[in-house]
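Both complexes below contain chain A, partnered by chain B and then by chain C.
Then we have the complex of A and B:
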């Protein structure tokens, strides 16, 4: 698994994908940061920045995972992985962790923005940290969604677009919480990625939400493993 | 070393393998022969753990590939029909990656260097894979199969798409590797299997039609010399004349080329050149021989010959 992780990490920066992801992430994040905080000069605007960044994830994160499995399938290099003494779970998790590492590193680099914020105003350190932690886990979930859709097709574009669509739906579910029917609201609050993000906007580190994101990510990775296992039997 | 027991593989309604069984002994180079779409790649993909079988069992050195895939895969080096390469990697990076992937414990530098020497890729070790010729890509594919020094090597059509010089080089390489490994080589090229292998399994439409030593295959292939002759003259007269030439074993009309000439498939014993008496006999009767060409036996012909030989032997045993 570690060999796959290492190769995948390297592969991001052999091809332009890794650089495109890092560049676009920092540019979009920088733009949002500038609009939401530096230009507004309002104390509550950091929360807006994080919320918009989550929406931006829907487009940015599938860039990292679109090739992960579909490209291997298209070029038939997956035959090497599948005939090596490594389990399918090892292959999927290795690739997932590589994508997660790139995302994590960029998110960390991106947090340098807050050093700037601290210089020009009063930044709430606890609030920012809890938001960053939550964003990492939301990103981890979206990457797992991307890995799953990458396992379904050998077309990288199809993989990227379907991942984006599903992530958008996962985010859009939150709009249903405005419905006044109480049981609908209860369900939406339970399953909505954004509803579970809310405690973090107040600086609360909500462990149940983190467990929810991690569990859902594990479910998508499990589905990806099942897709591969099923293809062997098909 | 390798055993297939009644292995079936269905792709939906399509039955790719219909219960194949065969054994490969340690040190053998087995030729897996069959036309395109016969089920060769499916069988090899099952053996290497890439696919699962619908039914049946497969063993590598006594280890059931379906029950203990990781253990079985450790004993196999596989070169699929399309080498599983990463074009953006250098040869060195790729081989190092495969070394790590296979969890190899042999001394890394020395092991990779030995493999590169054997497959002759040392001078392209630092080049990008995408810049290599097809022949070198194939060699890199063979190199990855050799990493970890597996007991069994499986090569799926290793010479497809190569030029004649590269084909000879790859065949010689496979022969060389056969000294230390048990090898399964799939091919649809008859002379390739004859040159390289010690045993042959012939597969057609998902069934094994012959499981023979290479000598038996050679007998079937080499016992007969075939020619197509274009002759001007009345069909019945010409057929009668051909039947009267002792050197000719059989003759059949295979088509009319034009208003004047008819094509005949003529078979003779391999040790006798029937062309000279044929020419003499036709000249004596005044029939013009306007074309004569040698014909290689097709795979289908070999199937028929092998199967009929087998049936003959089985009926002789029964008697």
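Then we have the complex of A and C:
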């Protein structure tokens, strides 16, 4: 699995995809950061910035995963992988961890922007930290979604767009919480990615939310493994 | 057959192995594959449901707000206070009822601190959510119970004996000058509401009688109302002062200390406009009732407030004066009027002096009493007498709550004179082992230089007298000091950046780093293309 992880991590930076992702991520998040804080010239509160960044994830993160498995399938290199002495789970998890590492590193690098808040105001470090922790787990979930849809098709564009659609649906579910039917509301609150994010916005690390993100990511990875298992023996 | 072995590829297989492999294959990509997937999804849902259920019993949330001041963590002081209370009263139960469904509660900070109480005191505190907008009957019921026009911006604290409605606004401290919200008082507000809701009997405000005490400029002679029940007294007197006391949660009684003791749940003693002295301790007649000793004994229970109003007509009262001076460092100079021709109500010949809040107030009490004031309020003190507020080794803190302007005159000398002096005496609460805890209980004394300060004509909303009196009563009817809970101040998130700087940094964070990344990408691409 570690070999797959290393290979995948290297692949991100010998092809344009890794750079495109990092560059676009920094540009989009930098712009959102400026609009939500510097341009307003009022407050160093980063609540809005993190909210918008989650929506930006819906577009940015599928860029990172769209090629993970579909490209292997398109170039037929997946047959090499399938016959390699690595389990399918190892392949999927290795690729997922590579994407997660790139995402985590960019999220960390992007945090340098907060130095500006300290320079011109008073950044609330603990709130920034709790938001970042939650965003990492939300990103981890979205990457798992991307990996799953990448396993379904050999067309990278289809993989990316399907992932974006599903992630948008996952985010839009939160808007259904206005429905007055109580059992629907309960279900919506239970599955809503954004509702689970809320405690982190005011400095609470909610372990149940983290369990939710991690378990849902695990389910999507499990589905990706299932898809590959079926294909391996089909 | 059971022990049949296959060594074709160097591995030994038994029939059991074959069976196991067949099941594994079925699970992985065969007929059981879908079932396996469903099981995993169900397992995921089960794990999350279990976590949600567990979080209701165990606190599965970590408060990482600032170490010094955590917004949602119940302090050790409050915990030990309630643990002791619950140990003494095992049946004590508090319901925190939000008036909206859980996801519609508009103030998440209040909801979070409520959850913290529920987690900290699982057997004694529970959370409920009731949408009052969709249930008119419930709205009417709770509005009647709390005597409050309830909205979804209230939370109810339901104890065994009382239900308290607390507005979300009361969970925050606002800067009186800027109007900005500067601190969160969640722990403080809930703690006070819990105690109020759980206490069986209302606190009693006692007016002393038997020394010529009167109210409202001599209109009401308190001695005429001794023995009246709270209801009888409410019917007999339509004074704003009484209404204010009732509104602030007090039952009112008039007690002649020579005839009956002070009620057990006395929280406020008011000596209003005494004309003759109290009985002190008589060494020659030690069995005789000492009124001062009765008052002192009750004050020593702590969480009791003493208010004494005097004016320039109050004679020398050696026992009362001696008690106030020795115990609280407060005194008055009989028959020495305070007048102020420059700052008084027009037409009063300088007698109805207007007082101000001094700039420097002792933080422990004074600043909390006047925190909602703008400084523009007019506090009226008619026929004021000169007060003295002196340092006293016995007391925890003393200060002048309201003072005259420097143009005031008393005894022929001009200067700023105290119009309300106050003293706070603290006592560390001991734990079961007799060691001091961080909780402190207090007794407070106020000496007011004008008996008219609490008269109807000045307790209307044109003057600041009523707001200040309400603030004093709020303090008297609260255990906030009891637990030593402080408000938690927000980080000042102001941003001081010019438009030019904002534009410059926007370009920097949006373009420079991505440009470098794209440049590296181009280089890598070019190198690989021409490799």
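One rule holds in what follows: the second predicted complex is superposed on the first by the 228 of 234 C-alpha atoms of A that agree within 3 Å, B and C clash if a C-alpha of one lies under 4 Å from a C-alpha of the other, contacts with A are read in each partner's own complex, and residues count from 1 in each chain.
In the analysis below, contacts are C-beta pairs under 8 Å (C-beta built on N, C-alpha and C of every residue); 3 or more make two chains touch, one makes a residue touch a chain.
Quick caveat: nothing in here was measured; it's all calculated off a predicted structure.
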Which chain, chain B or chain C, ends up touching more residues of chain A in the combined arrangement? C
Just checking: does A:14 make contact with chain B only, chain C only, both, or neither of them? Give me first, second, both or neither. both
Would you check which partner chain A:216 touches, where first means chain B only, second means chain C only, and both and neither mean what they say? second
Applying the touch criterion given at the start, work out whether A:187 contacts chain B, chain C, both or neither, answering first, second, both or neither. neither
Touch test for A:121: chain B only (first), chain C only (second), both, or neither? second
Looking at the overlay, what does A:86 touch: chain B (first), chain C (second), both, or neither? first
Going by the contact rule set out at the top, does A:232 touch chain B (first), chain C (second), both, or neither? both
Contacts of A:56 with chain B and chain C, given as first, second, both or neither: neither
Kindly classify A:107 by the partners it touches after superposition: chain B alone (first), chain C alone (second), both, or neither? neither
Chain A contact set shared between chain B and chain C covers 14, 232-234
What does chain B use to touch chain A in their complex? 11-12, 45, 48-52, 70-71, 73-74, 76, 78, 80, 82, 84-89, 93, 97-98, 100-103, 144
Which of the residues in chain A come into contact with chain C in the complex? 13-14, 16, 19-20, 22-24, 26-27, 30-31, 33-34, 37-45, 109, 113, 116-117, 120-124, 126-127, 129-130, 177, 182, 185, 189-190, 195, 198-199, 201-208, 211-212, 215-216, 218-219, 222-223, 226, 229-230, 232-234
Mind listing the chain A positions that touch chain B in their complex? 2-4, 6-7, 10-11, 14-15, 75-87, 232-234
Residue set of chain C touching chain A in the complex reads 25, 28-29, 33, 36-37, 40-41, 44, 47-48, 51-52, 54-55, 60-66, 71-72, 101-103, 108-109, 112, 491-499, 501-502, 505-506, 509-511, 513-515, 517-518, 520-521, 524-525, 528
